[in-house]
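Every chain is named by a letter (A, B, C, D, E and F) in the order it is written, and numbering of its residues begins at 1.
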Amino acid sequence: MTAVVIIDALLLLLVTATAVAIVEVRSLYASSILTGIYSLLMALVWVNMHSMDVSFTEAAVGGGISTILLIGTIVHVGREEKPIKKRLHLPALIFTALTGAALIYGTLDMPRFGDPAAPIHHYRVPEMMAQTVGFVNGTPGKQKPPEGFDLERYRRFDGRVAGPIPADPKDTAWREKSILQTYGLMVPQVRAAHEPHAEEGHHLHPPDDFNGHVPNSVTSLLAAYRGYDTMFETTVIFTAGVSLILLLRRPRREGYLQPGAVMSDQVILRVVTKLSIPFILIFGFYVITHGELGPGGGFQGGVVLATAFILYALIFGRAALYRVVPPPVSDILAGVGVLIYSGTGAVCMLLGGKFLDYSMLNKELPGDGESLGMTLVEYGVGITVSMVMLTIFNQLAEERST
Amino acid sequence: MHWNEVVCTVLLALGCVISFSGSYGVLKFPDFYARLHAAGKTDSLAQVLILLGLVFVTPDVLTQVKLMMVAFILLIVAPTATFAITKAAHLDGLRPWTRGGGQ
Amino acid sequence: MLDAFEIVPNLPVLVVTTPLIGGILTIAMGRGKGPWAWATLITGVVFYFTVLLMQQVLAAKTGFISYELGNWPRQWGIEYRVDALNAFILLTVAGVGFVTTLYAQKSVEKEIPQDRHNFFYAVWVLAICGLLGITVTGDAFNVYVLLEISSLTVYALIAMGKDMNRQALTASLRYLILGSVGASFILLGIGYLMMVTGTLNMEDMHDRLAALPDIVHHRTVLVAFAFLLCGLGLKMALFPLHMWLPKAYTYAPSAVSALLSATATKVGIYMAFRFLFTIFGVGFSFVAMPANLVLSVAACAGILVTGVTAVRQTNLKRMLAYSSVGQLGYIVAGFSLANVHGVAGSVVHIFNHAVMKGGMFMAAGAIMYRLGRCDLRSIRGLGKRMPLTMAAFVAGGLGLVGFPLTAGFISKWYLVQGALEAPHMWPVAAVVLVGSLLAVAYTWRVVEAAYFQEPEGESALVTEAPLSMVAPMWILIGASVYFGVSATFTGEISMRAAKSLLGGAP
Amino acid sequence: MTGALGIYNYWIYVVLMMIGLYGVIAKPNLIKQAIALGLFQTGIFLYYISMAVIDGGTAPVWTTILDGAQKYEGPYDNPLPHVLILTAIVVSVSVLAVALALIINIKRTYGTIEYDEIEAMDQADKRADYQRGQVTDAADDVEHKLEGHHHA
Amino acid sequence: MIHFDVSPQLLALYIPLLGALLISLAGRWPNLRELVTLLTAGVLLYVVAGMAPAVLADGFWASFAKAPGLKLAEVLPGVWLELKVEPLGMLFALIASSLWILNSIYSIGYMRGNHEKNQTRFYVCFALAIASVMGLAFAGNLFTLFVFYEALTLTTYPLVAHKGSAEAIRSARTYLGILVVTSVCFLLAGIIGTYVFTGGDMTFRPGGVFRRALADGSLTAPTLGILFVLYMYGIGKAALMPVHRWLPAAMVAPTPVSALLHAVAVVKAGVFTVLKVIVYVFGPAVLVRYGVGDWLIYVAGATILIASCIALFQDNLKRRLAYSTVSQLSYVIIAAALLSPLSITAAALHIAAHAFGKITLFFAAGSIYTAAHKTEISQLDGIGRRMPITMAAFTIGSLSMIGLPPTAGFVSKWYLLQATWETDAPFVLVVVILSTLLNAAYFLPIVYRAFFVAEAKPHHEPHQSSADGNFGDHGDHHGHDAHDHGEAPWPVVVALSCTALATIVFFFYSDLAIGLANQLRSGLP
Amino acid sequence: MSTIYLITAVVLIVGAFMLLYRALAGPTVYDTILATNAIGTKTIVFVTLLGYISGRTEFIDMAIIYALITFITTIAILKYIEKGRLD
């Protein structure tokens, strides 16, 4: 019984209790608030399972944005649920019981919780974690790593996991050339020992040279190996924003610039807000840029940025927010973010590589190209997410039922 | 145990006791304002104590600063929130409970 | 910078990223006809790309084209894999998408507020992007993400019918909830499979599953299979999980109904192909598991029940919607036979039904455009007032019935052939034939009203729909006739797709 | 951690999912349904994240351990499910936003967000629609009577 | 894809299509429109007749079996739309195209005389129906046959529903319903079954397509029997009981439609298809050997008798004619089912013979309706004196139905009786004799009434026809006085005179028809 | 040391259970808000503790986020109660 399991058990109990409460409590309003709590607790569960990025996202999205959106909706639809006669919906209960039983039946043949022998831990993923995919290219051993490269170091711990490659102190040439270094966007900690090799031909991916730049494997998976998924993730959120505009935005002639309610009569709130907003903004940018190194990234940072704006709108009213970020600007920026992402991919393609092959961005030093690409797309995600979250908040909050 | 660990343990234990009593107070006290009292005061203190306790076992300065920062944010934000809740409740017409009277 | 760039090797990804970038840029196209023209351009370019891609696939020696995104090896990164099947579906979706966009201009002008046309077309193009993305990808999780893009856009598009009828909103919300549950089931199924296989690439997953000892009794795999089937059933509106479809198609804006009926559920079925045939493999899905029985029973029941329901409708769009569920039943019945002709019939019917039903929804939309409604009463005598529109509707209807020399006949031919060849599956053939009789019944209600009854009220005064609606409508209907007269192209492609799907079985 | 306890986490996720699913099916209030849908989805997220856990693992970020200069070399939890779930969370919040927008529109046009009431109104609309669209020839008259009888 | 080859069978298909196009373009000018119709019909007859010598030539049969068909389009891989000339189709095409001219003349008189609406649609659909008939006649394989079979159903539907009244629409539903149900559920299933069992061979060839499959055991006798049932009931147009109901229902159509289509083209298409399936798909030899077609004799015999009995009790003239048609069609089927060379000849001949007689009868019925607005037999007392030509023609038609010389009906019945004798089928003999008696029983009273019963008092008559509602009330307001009428308009009279004459001429000069039928017989193994 | 962290964490969770009860029981809206707010603060400390239990200091970044999020949510709820709207 490890600490993980004890805390896990207790937390999950709490989460389940909250879930039951959310479904069964009659006030929509209480339900919404509890949803926020549920998300925070869930985020704790995930921290406990060492999933910092997910936890980060869940806290920001579930605990913050979702709750605010729900409350924004309750403003329009009223806070009480109609009383229902039957407390227990028997068919639903039976249906869910059956579904649940089926799902549990399915778990019976699964590897146990945390089993290192589970296929998911030793198949395909170790290469991504160790960032040796570039050497493998389909069938292991097909492409030999360059001279002097210690492949075994990547494959230690029964091939399950591997640690970073220590930096080669003699190798300093890349430092001068690193764009990222120049602009101070990234702080490389360690550096791969091998030199990039161009002679392998561009149809093969160069070794994933971004290790060292990207100690956070979640980010390397997110932005590089599965960068294409993430592009569409950004598109999903963009789509949601556009859909909300389509469904809720009032025509301009009906005066969408009506001032909202202002809370600035509360001096303490006003001061605290004014103090904290710059801090939140900086923190948001920090999270976006810091994604390669620690938890966080474009999405989480974007949400943090959005919460700063939302806080501003809450305290100083919508009109004030619109003076800072007019809707057309947020609309355009939301699109720009996705365009940065897809544009990065397209540029890689135009440079002769495949779509999203960042190594094309810097053909001499593919590793820096990779890092540059990942940073660019993180910015793209950040911009889109912050602006779309803002748009969603605006649309849900601004419309008033008559 | 090293001395810093001892300090940490003491602070953590203190924090635990206060936090628990605060939660218990919220559960048991008869009216909103009393509960607010329990939650607002004890909670802030308990959290700060625990964070402070952790500072003592942290070797890394950056992390220490971060911990202090969290504690600081809590010290600003929690009372602000408590204040705002109180004000809202007060404006809403919620009256404090008195023995034998009130609602 | 561009000298290193070639279009042809990058076609698989261009098919998806062009509408993605184009869709976002649509917002910047201002008001008036700008967004529409831009959307038409984009969908046209995409259509062109899919045609090129089709040529490439047909020319490829291996029978498929693989594109590794980000140049990562396919087992680690995301792979696009285009074979005859998805090239064909891509062609269908992009082609119908293009024609529907051409058609959309007038009806959108009338049904959607002027000030949000740019957003509308942006969502429109993104919907097509999502559908194309699902079709082209070879990665199980990528399917889910793109599925959500297409779903979200479709929810919004359906809800845009709210200004015509408020039921569009409830239809959209119901679809949203059921669709999300379905997508979650799919996600769960993928998760279960991932737990067992440790990979997300479809081919890789298949190999790993095939390597599992005693897969038939592996409880995780079984549950994954069941949940994927449920989720896909919801997404492709397989009877009896079709509850969301009729209302959604009825109350969506006309152009949206045309687009969705021709593409959205088709892509759902495509996913079923991929999961059942490519990931699990025929041997597991249809021999070890009773998928053929479950699917064919559901499909046959769907054909009959929704056929009868369609006959009872007075609203043309609702009638077409029910008919769509029935026609999906044909497709599902076809591949549940798991033999070459059945699967080929199912593939070819995806295309045929897309063009026919797309054209018919366009005709219904043209009637909506002129009359503001499209029920049996209002179309009385319309055969004379709107001859081209009604003729298109009837020609499409004949296709649904499966009259010879229409595309529907080709599908039916393959399906019945497949059903007769499969052991003990002849009832499927019978149901397919009876289903076409039901199609006669509902098509003929329209024929009678439009041609043999006297017009009343405003329908006596209407004129033919504008050319910009009639022309796209006839492009699709014309295609349905052309591919009914000469189905060598569609037939060969679908046979090829069927053989590759079945051949990949362990 | 053997036997049932070994897959305990998976069971909890089933319970959470089913609470959500129950809410989606049983609750007539649309907001409730939207919230329950969210719970349902978090259940799946929990499953994925549980999948990523490895015994004695730590967050998949290369790091040094707290008190030493030595590199900490594993084992790390599996980052792949984390990445997938990041995407899925974004999807779920997007779906929630669109659902809420629809609900607001529904409230505006129907005046209620209780599913059963809306359903009744929709049925009434549909019936009116049906009657308006009917063609009254001899053959349809019969059907009309049946329909009237059916609704009576 | 489509070969623009100018071969006569293709022309026969294209001419009516072109005609339909021109008619629709000329829709605004009735005279031009009808001129186009007549011209098209004339050209078509010229083209079709031009093919006959080649078919009658010696050695045609030998080359027929080998000659490839004219391939129009490859619909599915390996499935072609294919045209091919053979004697039976030639005979059918000749009948249809020659009668189309007369029918067109008749239509002009009838449609104008009755002030029908939507005349352009009428002529267009008519031309399209003829095009389908031509395609059917020259179909080179089962698939092509099915295509044109369905096309014929579709193109005749608007003609049946022409009036647009509730009655017409309902009848048209019955018409379409039965024809489509049978063709889709049974015929198509049969065709696809054939395709599956023969490995994709659907070409018409003497001796049938199943021999190889039967030989290698992939097709068994029970399955063959099922296929045969599917075909026989799939061909709903042959009106085998109990799927005959569409035929009386189709009588709501204007009389020219009933005359050409539901006495000649459509119904003959049915029995023609039956004959073609028996001869070219199954092959009489195969059917005899496996004995799967014996039941057909009894069903057809029953149909003959029952339909005749029903006809006996019909008061509506056209309905009586319709049931007569049902029974006469089964003559063809029963003849075909005897499966001897002579009986096949008889079947082919009866297709021709019945056509001339029945079209005359319908023409006469339409003539009476146009001139006197009478539809019921009970109203026909003494009408022979007012309309002597019409009723004389009617008499000739009746004689042909009964099978008395010197009319066409006698020729085919003679061959049928010969075949009965040859194959030793007493059941068929009894049926033919009984049916002849019944024919006489329901036709001769009409003749008697018309010529020998005095006309009823005029004051009973007015508006009788409009009251029954079947055929609308046109004409009552247009100056026709019900009890002061003479013959119908001249085109009507001319047309029916011609067909009546043809019925008699056929008796004396039936060389062409017999020659074609013999060609067919000579090909049988 | 980690046992002590663990005990602290468990105490915090137990406290959270009590607060959850209060949040559900009410009786006023303000009790719910109060309790949820308190749970929020508890989670902040909890995250930090988890960081120490698993030896990862990155978790403290997340504590900051938690603090911000709880704060903003509370403000939103209050604004809704006071003004009846969010914008």
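In the analysis below, a residue touches a chain if its C-beta (ideal position, glycine included) is under 8 Å from a C-beta of that chain, and two chains touch if they have at least 3 such contacts.
If you're wondering where the values come from, they're calculated on a predicted model, not measured in any experiment.
Minimum number of contact steps separating chain B from chain C: 2.
Each chain gets a centre from the mean of its Cα atoms; the one farthest from the centre of chain E is B. Between the chains A-D lie more C-beta contact pairs than between any other two chains. Averaging the CA coordinates per chain and comparing them to the mean over all protein CA atoms picks out C as nearest. Mean C-alpha positions place chain C and chain D at a centre distance of 24 Å.
The centroid of the Cα atoms in chain C and the matching centroid in chain F are 47 Å apart. If you average the CA atoms of chain B and of chain D, the two centres end up 36 Å from each other. Each chain gets a centre from the mean of its Cα atoms; for chain C and chain E, those two points are 44 Å apart. In chain F, 5, 16, 33, 54, 56-58, 61, 64, 68, 70-71, 75, 82 are the positions where the chain touches two or more neighbouring chains simultaneously. Counting only residues that touch two or more partner chains, chain A has 4, 50, 52, 72, 74, 103, 107-108, 110, 118, 120-121, 125, 128, 226, 229, 233, 236, 239-240, 243, 247, 269, 276, 294-295, 396.
The set of chain B residues that touch two or more partner chains comprises 58, 60, 77, 80, 84. Per the touch definition, chain B reaches chain F in the complex via residues 5, 8-9, 12, 15-16, 19-20, 22-24, 26-27, 32, 35-36, 39, 43-44, 46-47, 50-51, 54, 57-58, 60, 63, 66-67, 69-70, 73-74, 77-78, 80-82, 84-85, 88-89, 91-92, 94.
Residues 1, 4-5, 7-8, 11-12, 14-16, 18-19, 21-22, 28, 30-31, 33-35, 37-38, 41-42, 44-45, 48-49, 52, 57, 60-61, 63-64, 67-68, 70-71, 74-75, 78, 81-82 of chain F are the ones that touch chain B when the two sit in their complex. Within the complex formed with chain A, the residues of chain F that make contact are 2, 5-6, 9-10, 13, 16-17, 20, 23-24, 26, 29, 32-33, 36, 39-40, 43, 46-47, 50-51, 53-54, 56, 58-59, 61-62, 64-66, 68-73, 75-77, 79-80, 82-87. Taken together, the chain A residues at the contact with chain D in this complex read 1-2, 4-5, 8-9, 12, 15-16, 19-20, 22-23, 28, 31-32, 35, 38-39, 42, 45-46, 49-54, 57-58, 61-62, 65-66, 69-70, 72-74, 76-78, 81-82, 84, 88-89, 91-93, 95-97, 99-100, 103-104, 107-108, 110, 112-116, 118, 120-121, 125, 128-129, 156-157, 160-164, 166, 190, 215-218, 221-222, 226, 229-230, 233, 236-237, 239-240, 243-244, 247-248, 293-295, 299, 385, 392, 395-396, 399, 401-402.
Chain A contributes residues 102-103, 105-111, 118-125, 127-128, 133, 136-138, 202-205, 224-229, 231-233, 235-236, 238-240, 242-243, 245-247, 249, 251-252, 331-332, 335, 338-339, 342-343, 345-346, 348-359 to its touches with chain C in the complex.
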